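Encoded as structure tokens, the structure appears first; notes follow it.
Chains here go by letter, A, B, C and D, matching the order in which they are written, and residues are numbered from 1 within each.
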Amino acid sequence: MGGTNIELIGWVPALPLIGFLVQALLGKRIVDFFGERFGKKLMGTLAVLPVFAAFVLAAGIGMTLSEMGPLANNQVVTYFDWIRISGLHVPYEIVVDPLSITMALVVTGVGALIHLYATGYMAEERDYTRFFTYMNLFIGAMLILVLGNNLALMFIGWEGVGLCSYLLIGFWYKDLANAKAANKAFIVNRIGDWGFMLGMFTIVAFIATNAERISPRTDRLLSFDAILPALTTLLHDHPAIATVIGLLLFVGAMGKSAQFPLYLWLPDAMAGPTPVSALIHAATMVTAGVVMVNRMHVVFEFSPVASGWVAIVGCVTAIFAALVAFGQTDIKKVLAYSTVSQLGYMFVACGVGAYWAGMFHVVTHAFFKALLFLGSGAVIHAMAHEQDMRWYGNLRKYVPITWLTMTIGWLAIIGFPYLFAGFYSKEAIIGGALGNHHAELFGAPVGVYTGWLLLFGALLTSAYMTRLTFLTFNSGAERWMNPATYEEAGTDHHPHDDHAHAHRHHAHHGEDAHGFFYTEEEMARREALAPHDHHHGLTVEHRPREVSPSMWVPLAVLAALSTGVTGYLMHHGETFKHWLYPPTTYNETGLSMIRNEPVVHAEALTGHPHGWVGSALVFLSVGAMLIGAIYGYLVYFRRLPAREGFDLKRWSGFRRAAREQFYYDGFMLKFFVTQGGAAVGNVLAGMDKYVVDGVVNACGWLASGLGGFFRQFQTGYVRAYALVMLIGGVALLVYFATVGQGVAR
Amino acid sequence: MYNLLAQTDGNGLAKRLAEAFPPPTIDWPSILPIALVVCTGIVALIVEMLRPRQNNNAIIGFSLVGLFFAGLSLTSQFASPDLESFGGMVLRDRFSLTIQLLVVMVTGLTILFSDGYLRAKRIPFGEFYPLVLWSASGAMMMASSKNLLMIFLGIEVLSISLYVLAGMSKTETKSEESALKYFLLGAFASAFLLYGIAFMYGATGSLHLDAIRSAWNPNDEAFRNMMLFGMGLMLFGLAFKAAFVPFHQWTPDVYQGAPTNVTAFMAAGSKIGAMAALWRLLSASTTNVDLGATFQSYWMPALFWIAILTMTVGNLVALVQKDVKRTLGYSSIAHAGYILVGILAHVNNPEKVGIGTTVFYLLSYSLMTIGAFAVVSLTAKNGKEGTRFEDLHGLWKRSPFAVGCLIVFVASLIGIPPTSGFFGKLMIFNDALASDLMPLAIVLAVNSVLSVYYYVGIAKAAFVDAEGARTPESAPMNLGLAATCLLCAGGIFAVVILFNPLMNWLVGAP
Amino acid sequence: MGDYIAIVILVGLAAVICGAMVSLSFVLGPKNTTPYKQSPYECGVQPLGDARERFPIKFYLVAMLFILFDIEVVFLWSWLTVFKNADLAYQTFSFGAVMVYMVLWIIGDAYVIRVNAIDWDETTSLHPAKLGEPDPAALPVTARDLELVGGAR
Amino acid sequence: MTGNNLADYLTLGLLMFSIGAVGVIVRRNPVVIFMCIELMLNAVNLTFLAFARYMPSSAPASGREASFMSGQMMVIFVMAVAAAEVAVGLGIIMAIYRLRKDVDVDEMNLMSG
């Protein structure tokens, strides 16, 4: 296995794409041909196989790579030229290095598991093959994103995954909420793409203008192996440029990875099928931003300012999303906000220079968050598609396997010491932040502050995750059976009424943003028509049953991956860190002889601050975890406040605010998306406000005015046209006779 | 001088003529594509003649097969050397082969989606297919000769068929009116073109374009002025075909009135031919500085301004349109301006800037234009057709596939990466900078921002829901139309993904 | 050769003058149209009958076909003058060429006859649909149809 | 042919051409407009023939086979093309006449703006 040829890497993205073609072209026919049941089984297998094969191949290549040693494990496989215009050369090339292979393994591995899960979860879906068409296409695009060796290929993958996410969120496009969520995702992501593209162009322009200073001269102005050394050489004396490029790229990352100002598409994206949420909106696509920052970390290392902003944005996102998660009652929404919060952790790691810790958390988070999502999917499946936790309770009796696996996921995400994977990565991040000397803003070591804030974030995390677990699996009675014991909001009515209420509530609440293609009235009408409680069968007599093996087997595997074994293996002896950033490739002066990348600060790399903090770090994080867990246990299991006669109403204000994301979402939507009728126009409006602040609008007025003016000459009379032509011809001749010798060389 | 009439004896004259016309060198392959297209048209006509007023599947089949073989014979000659045969009337070089290939592709795409539309419009005459094929042969002629006689004949073969096609829908006053406008103005313009050719012939003593360079002598007043006069009038005629401002006014009216499939062919095929002829003329009328003032130093400034005008006016007027076909007509004017910038960049600095940009832009332009018109043609049903924006409303519910493709075409027309439209504009921009035409590059950039508004408007119209029953139910999606949309939309991405191999194949290694 | 310069100046002059005249009259001239002005023979004489019905439209058909045959003759004549005493190679080649030309021509004529384009009786000439009379298959015409066909501004 | 010099023919051609162009713009009947266009084409033919007849041996001919007599050739082709245009144009005019019993080009501006 270790002898796998690196050249085969091309097949890793190719296989899922082939699967995509098979699903797209043959899918429906095959299902019709073999009949519903067998046809679906066949197509499901055909959907899982290529992803799994890609995983095996990637694993083999990874082994080959690990045998190569730190000095050689950075290969580029070039296939053929793509663009070769004057001064710019972009070939099709794949980079095989620890970073790309790690991501490829995560994408294909977790992807294969989730595909397997989806074969069961989507079993009774009518457009079975359409679903897997999109899923395979997504895997292919994501692999292009992580494997491509130049920014252009990365951008193609970037757009591709965006498209698939858009299609899959809107998969049940009959349902209005999904269509609208899909459109919000589309709109917000355009803003991110704009940042990415500007960053890309800036890099090209910057290198092209200082081309004479880099050696060897190259016109591959987008290829990582060419531009990273070039940037290393050039950015030394252009820190400002480094900041600009860094911030622009980070805007792109913010869009894709749902960071604070632009996070608001991710929670709504939960409208899609649960496997999609697990694969795209938890495990892989949303981490693309982190991967990109890791890939381009040279830029950020030269700009403490950009790094500082990355850290701050990440930290704000982490805390904010964690607070919002308290207000959510929809189980998938809670997980969505926890995803946003965890992504914040990763960006803090990147901001403070502990890039490897960010990737570490990407990997572990992929495992346990996919696990949690799939588990929640199993619960929703078992509870007749009721997603409101307030109607769960005591489910561990009914769905033991799901309960067991999700408990592991819970322990992993709250960072239960040493036994679970989350602990290692989170501790590495917090340590890296506390020990940071890299990110600086106005002279202040923002990294350290973010470190302390993240400790508080860990507390919050463990609190709301405990809430989720207990509300769902423990906490005494089965609430959907006797609505009287409705615990959180104090009111008691049947799920359906409450559901309706929730929807009435949604109507004025921002998260149901305006749809891409709808005008206001249109929206209102569809609100009336749209089937709100589609597949909504939760009744008092309901008895949940455990899900089929094709669904719990992936759960078990992911649970195994989320245990401390993974974390220990990757963390012990700093294996993972040295796999990503081999220390031997750095010399004392900070610049590497081999990869020509600047060294990150030793403390940041070790992820262990010195002094008392360093020694107390474990206790600090464990303490935070315990406080949060105990709080959750007391409040949501023992119901301490209720027993002590504590007035819950006093907290309802915070809860409502949190449920509405502290009114941020609604504000943003009113401000950007709601304007104008159809949302293509909205994209424009939002862009205008973002980019050029209405100047474009003014130009628009002027332009249409001029257009109206020129339009008057279009009288519709043949003779008038002939006259204009004649005048034009005469003018041409006169111009020839008089002017001349003008432009030409 | 030749004193022909002095010879009273007719035989003697005939003898001299016969000596003067030896049987020319024949190279059949170089005219095979055109011959194939023409003969396909004739076969189609005969089929229509033998079984009129029946379904056109046989004709369509013949036409597509013929076009396929024409394309085959074109690609098979890519390797063969440049050659001028038939007494300097037919030229085979890479440019002519590529342009002819584009024309063949465009014709095929048009024919593919025409049948359903013609049925929906209740004008299913077989004559459409032979006419469009002959029109295509005219465009191919324009590209494959450096002789003004052939170029003129090409233009006329192209135009005369198009006059008929524009008036094909005989029950529609709009269609007939557009035909008459197109015909009168076209004849008017070709008269000017001919007058220009006459003077160029008088100055150079030959109808061959290569004679221009050898005849240019800036110090001889008479010759210089005659050549300038001829050049100006020829530009008049070609600018009409290519719809440059101020010779553009026929475009929106004709595009709006003509049947939509004819409009699609007009917008793509006729423009390709005109651009090819213009490219031949301009690149043949450049001279070196060693004689003194160069020829291009006289006409380049005028074309410089024409390019600016064409881009700007096209986009500005498109902003205030109410009719989709009209808007697309104006947008095609703007795109003609972009292409002119590419040609000027090449002419201004042939060493640095090759033909690649022009060819690529023409390719991507025809893909997205034909696709857009194909989607618009969905609004026809029961012999009626409404092409105002509100007639597109609700299309996304009736045929989401078509609208999905429409999004791609619009994105490409705007120039959003990673579509081919973006790359085309990027290349033109790049070339304009490379051959120090900075102002044109800036105007181009500004215009592509301007154009966003009305393009987005088109896409938006398809998504707004149909209010009331004012709109005719759109025709059902038929196979040909779906194939056209798929080919165009797929092509828009394919030409980007396979950029370099494609360009190497089309125009040879850079 | 120097005398060309006069031509060129004259050409420029004439072009400018024509352009100026026409454009000025078109731009400056008042455009109020009265039915009296609309009437043909704008020399004050009351027109007799409708000026547009000069002669039956079917004469145009004959005229068109006549012109086409006329042109055919031009080509054949200019070819034959050379053909009749040129050498064999030229004769064979040009004969082939002209035959191709003639074949195309005959196909065209056959088509014209086939669709009865030269049928003197207008009622039976051409298929109704090709004459623009509404296709029997077409639906009854409504106001919306008229708007669509005639096109609103 | 004796006595007259090239300038006379060119002037005549130019005048015919200008008259035709002006006629196209001032007349309202498409048939007459097209007759004016025919006049322009005939002016072109005259110019061609004049040039061909007076083509001086000193003219910088490119020396290609096609350059000899090409003026006369051009004239024949122009005539052919003009005939074809007449045919098509009359056809279109007939169609319009059948449609609206009226062929005034100033009545035809359904499409404008």
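What we mean here is this: contacts are C-beta pairs under 8 Å (C-beta built on N, C-alpha and C of every residue); 3 or more make two chains touch, one makes a residue touch a chain.
Quick caveat, the model's predicted, so the values are computed rather than measured.
Contact with subunit A and subunit D alike is made by B, C. More C-beta pairs in contact connect the chains of B-C than those of the other pair, out of B-C and A-C.
Once the centre of each chain is set as its mean CA position, subunit B and subunit C turn out to be 24 Å apart. Centre-to-centre, using mean CA coordinates, subunit A is 66 Å away from subunit C.
Note on chain placement: the centre of subunit C and the centre of subunit D lie 12 Å apart, centres being C-alpha means. Inter-chain centre distance (subunit A to subunit B, centres taken as mean C-alpha positions): 45 Å. In subunit A, 711, 714, 716, 718, 720, 722-723, 726-727, 729, 733, 737 are the positions where the chain touches two or more neighbouring chains simultaneously. Counting partners per residue, subunit B has 17, 21-22, 170-171, 173-174, 180-181, 184, 188, 192, 225, 229, 252-253, 256-257 as the residues that reach two or more other chains.
Shared interface positions of subunit D, i.e. residues touching 2 or more other chains, are given as 21, 24-26, 33, 56, 84, 91, 93, 95, 98-99, 105, 108, 110-113.
Viewed as a network of touching protein chains, the structure reduces to a complete graph with every chain in contact with every other.
On the side of subunit C, the complex with subunit B involves touching residues 1-5, 7-8, 11-12, 81-82, 84-87, 89-90, 93, 104, 107, 110-111, 114-115, 127, 129-132, 134-135, 137-139, 144-145, 148-152. Note for the complex: subunit C touches subunit A at residues 12, 15-16, 18-19, 22-23, 26. Within the complex, the subunit B residues that touch subunit A are 180-181, 184-185, 188-189, 192, 225, 228-229, 231-233, 235-236, 240, 246-247, 249-250, 252-253, 289, 293-294, 296-302, 304-305, 313, 315-320, 348-349, 352, 396, 417-418, 423, 426-427, 430, 434, 436-437, 449-450, 452-453, 456, 459-460, 463-465, 497, 499-501, 510.
The touching residues of subunit C, counted against subunit D in their complex, run 1, 3-4, 6-7, 10-11, 14-15, 18, 21-22, 26, 52, 57, 60-61, 63-65, 67-68, 70-71, 74-75, 78, 131-132, 150-151, 153.
Listing the residues of subunit B that touch subunit C in their complex gives 10-11, 13-15, 17-18, 21-23, 42, 45-46, 49, 52-53, 122-123, 125, 170-174, 220-223, 225-226, 229, 256-257, 382-386, 388, 470, 472.
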